[in-house]
Amino acid sequence: MTEEINARTVREWGERYSNWGRWGSDDQRGTLNFITPERILAATAIPRSGRVISCALPFDHKGPQTGVGGRYNPIHTMLADGGDALCGAQNLPGGFQYADDAIAMPLQCGTQWDALSHVFYDGKMYNDRDISLVTSRGARANSIDQIKDGVVGRGVLLDLPRFTRNRWLEDGSRILPGDLDACAEAFGVTIEPGDIVIVRTGMMTRCKESRSWEGYCGGPAPGLSVLCARWIYEREIAAIATDTWGVEVLPNETTDCFQPLHMISLRNTGLLLGEIFDLDALSEACAEDRRYEFLFVAAPLPITGAVGSPINPLAIK
Amino acid sequence: MTEEINARTVREWGERYSNWGRWGSDDQRGTLNFITPERILAATAIPRSGRVISCALPFDHKGPQTGVGGRYNPIHTMLADGGDALCGAQNLPGGFQYADDAIAMPLQCGTQWDALSHVFYDGKMYNDRDISLVTSRGARANSIDQIKDGVVGRGVLLDLPRFTRNRWLEDGSRILPGDLDACAEAFGVTIEPGDIVIVRTGMMTRCKESRSWEGYCGGPAPGLSVLCARWIYEREIAAIATDTWGVEVLPNETTDCFQPLHMISLRNTGLLLGEIFDLDALSEACAEDRRYEFLFVAAPLPITGAVGSPINPLAIK
Amino acid sequence: MTEEINARTVREWGERYSNWGRWGSDDQRGTLNFITPERILAATAIPRSGRVISCALPFDHKGPQTGVGGRYNPIHTMLADGGDALCGAQNLPGGFQYADDAIAMPLQCGTQWDALSHVFYDGKMYNDRDISLVTSRGARANSIDQIKDGVVGRGVLLDLPRFTRNRWLEDGSRILPGDLDACAEAFGVTIEPGDIVIVRTGMMTRCKESRSWEGYCGGPAPGLSVLCARWIYEREIAAIATDTWGVEVLPNETTDCFQPLHMISLRNTGLLLGEIFDLDALSEACAEDRRYEFLFVAAPLPITGAVGSPINPLAIK
Amino acid sequence: MTEEINARTVREWGERYSNWGRWGSDDQRGTLNFITPERILAATAIPRSGRVISCALPFDHKGPQTGVGGRYNPIHTMLADGGDALCGAQNLPGGFQYADDAIAMPLQCGTQWDALSHVFYDGKMYNDRDISLVTSRGARANSIDQIKDGVVGRGVLLDLPRFTRNRWLEDGSRILPGDLDACAEAFGVTIEPGDIVIVRTGMMTRCKESRSWEGYCGGPAPGLSVLCARWIYEREIAAIATDTWGVEVLPNETTDCFQPLHMISLRNTGLLLGEIFDLDALSEACAEDRRYEFLFVAAPLPITGAVGSPINPLAIK
């Protein structure tokens, strides 16, 4: 079927799997609308142990960025520190001393959510909004602050390397809807509407082991096939996150389009995408208790007009 | 009793209410240790409606910072935007276009957690660690990334203006342990070990109404009395957060010490402090359902070596 | 005559005083072309004393910016410092220790040159170039790095407050071509082709005295009348610089156009504009030796694709 | 003689070649004091052609930094651009539109001067000042803004590869005082007190040709021998600049000390050091007119408290 994927089919599927207008013409939350209060409440009933696992990669200069697309790793600087105190540069009453710091970082340099203003084509972004709304002053619609009350819901881990008994999927491996279903079934979990589906490929595991991010950002990678677009739409998935740079298989399945699943699912379906998740600890934890579902909380920073946000996603088991 | 508070008593209370060594000499989590898995599990049973309320102020140039202590409001810049696409500056296959952005911000410029490396005196920070560990390269101990699996637990809102039937507490109003207990009782909630206690003073409400942050950062403010240090220690509170710049009443109750409660509770008790929380929506929500407890999740970004982190705290009711 | 100034006349004058094509269709230097090697050589013969005077305002957090247009004052941070050395955080052989630092700043937040890509209208900038060349990736033409071998030439100070025996010109004072000529004549200097004309209004002197930048950025200010456009064009001036935020009189002489002199002279004449110059020391020095001409050197940082650059202009007398 | 160089001799030479107190205990300009007004005036008489050559490397993301010492390449971002104008996001009267931009950069990431607060040992920097003056708030003494009226004087190019008829000196090549003298003599120029001595090694030429900065920052490099310390002191050199990362030969001539010439000459002699100069155009220009002296102007940005500054050095011939 792959041979049929091209710029035309991508646009066709984009129309077919569109949620534009589904939640009103002023909607800016997209598939997060699938996470109803009832589903949130149900998700809070999942935990059995009270164990919390972070899925965030440390934010620091050792991150994966190499300059691709102008993205750099976080630059952390101190505005005040212990050395200042030793230098006598802090004279607050009572010997009170302090440290303070700052960061400069691309919002998508590490573990992050894409906002619905992150990707577009033909002059439009999610819900028929014009891309001229996204200027140097930020996005006037579909920005990340529109989902400040999210993301809370049922998370499901699809641990593909564990399922296929490999340490990681090979670069270029294409994940099909059938793979996602089979993996879920094998681990005794069903994908339901409003789920936050977390797909582990093991690519980050390999990078950490080899102590090299070579190729991680934009290079060949395992990832979701564009054929998942229909599955995502029909299953009413709320969000997809992976341990890779761009969710999708790279090289993409067509040279006609860059990141065609983004084009279809983010722009048209209104899907929340998460990238650069560190899923190794979660993989271990799920293998231990054999439960691949959890309460999942990953709140974006409500940066006004931002097209993405760094996050520290927490799985509560 | 206030007249007795001075630099000497602050240090005495610091020793009296110290948790140094309580969880081992290598502990870097402080009072978060009170939040056991059992308590987290119990907290997940609190929600009744599945409603989620964010307690974060928007991160943008309209924030409260005015330069005090070298802190500025977030600077959000676009690395790519819709205008670029219109200019023909994006040539990815298939018409794929995108926006990307970056931020520069002090980590404590908005809604945030203080790390246990944020405040110190006499050359030491929490758990007997030397302040020489906090240099231009960041904090080598007690940094925010040490609590990357937090903060999840039971949150309790003490809505003082609603309790006292005022719109906000006056600047300089001193909140005593008895006020906290009385407020909790009035709203039908009890403070328990491991709780995340969220104290609303209404100061931010007033600033928003007056459209002015004048005095918010470091000026006179309502806040906790240093006499709360014992209450915090004995009740085994996990964290305290407020809608003010610095949690404590300002001017401080003694001119001998700056922020004496920080000196005692953060450095010695190992208390997690949250500041600049926007509690108006939470106040409304709790008044509506008359339930002042909730599942509370506020994960810091695990910025390596950082002495604080911006957060988007979520109350799940 | 002022009453006749409107959007139509501004566009007409823009055409009339245009240098588009004058130095070829690929020219990116504009009026700097008037500074020939011969004129540079002549300028090196001006100095009599070897005294050097800087015309730069210090770059720091006390600068004039208040957020207008998203501009902030420079943020200077240390990457390494003496405190680190005292903390034992530097272990280079032989006791070698060091300090290192960084800056974040808008390129036009202080003393600066505007690039010829800074201002435009009707979709075009200097020399008939499309504004779509100026994107998030910077300016692909007319950028500041195109004049990296400048600015060296004959500088002339027109010290208007000294000429009019005031401490400063009042806000809203309109400087006409006749004022410039009269001032030059009074101080015994003639304006010649290729000159860098430095106009002191005293506005910065007043701000420094009052210790307040209130209104400096974008508020009412003394400045050049739009009627100077013809004078600039006919006299073949290479550059104009002032001690104000925007060179031009504010409020502008017409409500039809913002900064009409920029529209005419920068976009069409290709004039280099300098702003936020600190001219107090230069004013004193010229009064002392009664010589209002000097060798002038103000090299921009060749930041690739930048639309402006901070500078430290030096007058060599 | 090299075998005798160690931490002890470096300290001895530091004392021997010290200028501490020479220009008073409050001096913060060091060897720039050698550039008297008379010498500046004499330097203005050097030019014969009026040709200006920039010695700055472009400031952009393609610069030499790779993260060594926390230094990164300049990050240039747009605050407003042509795309915004096309998006209708600029509504100023008369169709006035504009672009604006910002930069974040380590002050020593490209072509730059070291301030006299950049390097220290034994708790002291130039002129017997304590390193505790250099904190997160910047340097309270010996900072770059102290030389805001510099650097103007006679520049001399010592083009070693041209002298030795190589394209560049090999990494690890040690430049001795005799090499400097022989090169000067060969090109018909004499080194005089107050000179700004510019030494070309060709290392940058090689990097540009190979399109790789591999090893440029901190790796093996040609450079001045520590034995030049005496020559610098006795000749009363005002400044030394090179086309390398660190002026000195690397690996250093002793493993006992890192950058021993910095330790002696910057800290004790008070020497201004310039690094990462792009000298290829200057090399060509001097070869063309066979004149290796020029009027040299390289003004630092007067960033308050900074320990270095990016510059655009101009040679005027």
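We just call them A, B, C and D in the order they show up, numbering each chain from 1.
Just so it is clear, a contact is a pair of C-beta atoms (placed from the backbone, for glycine too) under 8 Å apart; a residue touches a chain by one contact, two chains touch by 3 or more.
Quantities reported herein were computed from a predicted structural model and do not represent experimental measurements.
Among the remaining chains, those touching chain A as well as chain C are B, D. At the interface between chain C and chain D, over half of the residue numbers appear on both sides, which makes the contact a same-residue one.
Separation between the centroids of chain C and chain D, computed from CA atoms only, is 26 Å.
Taking the mean of the C-alpha atoms as each chain's centre, chain B and chain C sit 45 Å apart. Looking at chain A, residues 70, 77-87, 89, 102, 104, 132-137 sit in touch with two or more other chains. Taken as a graph of touching chains, this assembly is fully connected, with contact between every pair of chains.
Taken together, the chain D residues at the contact with chain C in this complex read 7, 10, 36-42, 44-45, 47-54, 56-60, 62, 69-71, 74, 76-83, 85-86, 92-108, 117-123, 125, 130-139, 145, 148-150, 152, 254-260, 262-263, 295, 297-308, 310-314, 316.
Contact residues on chain D toward chain B in their complex (touch as defined above): 70, 77-79, 81-87, 89, 102, 104, 136-137.
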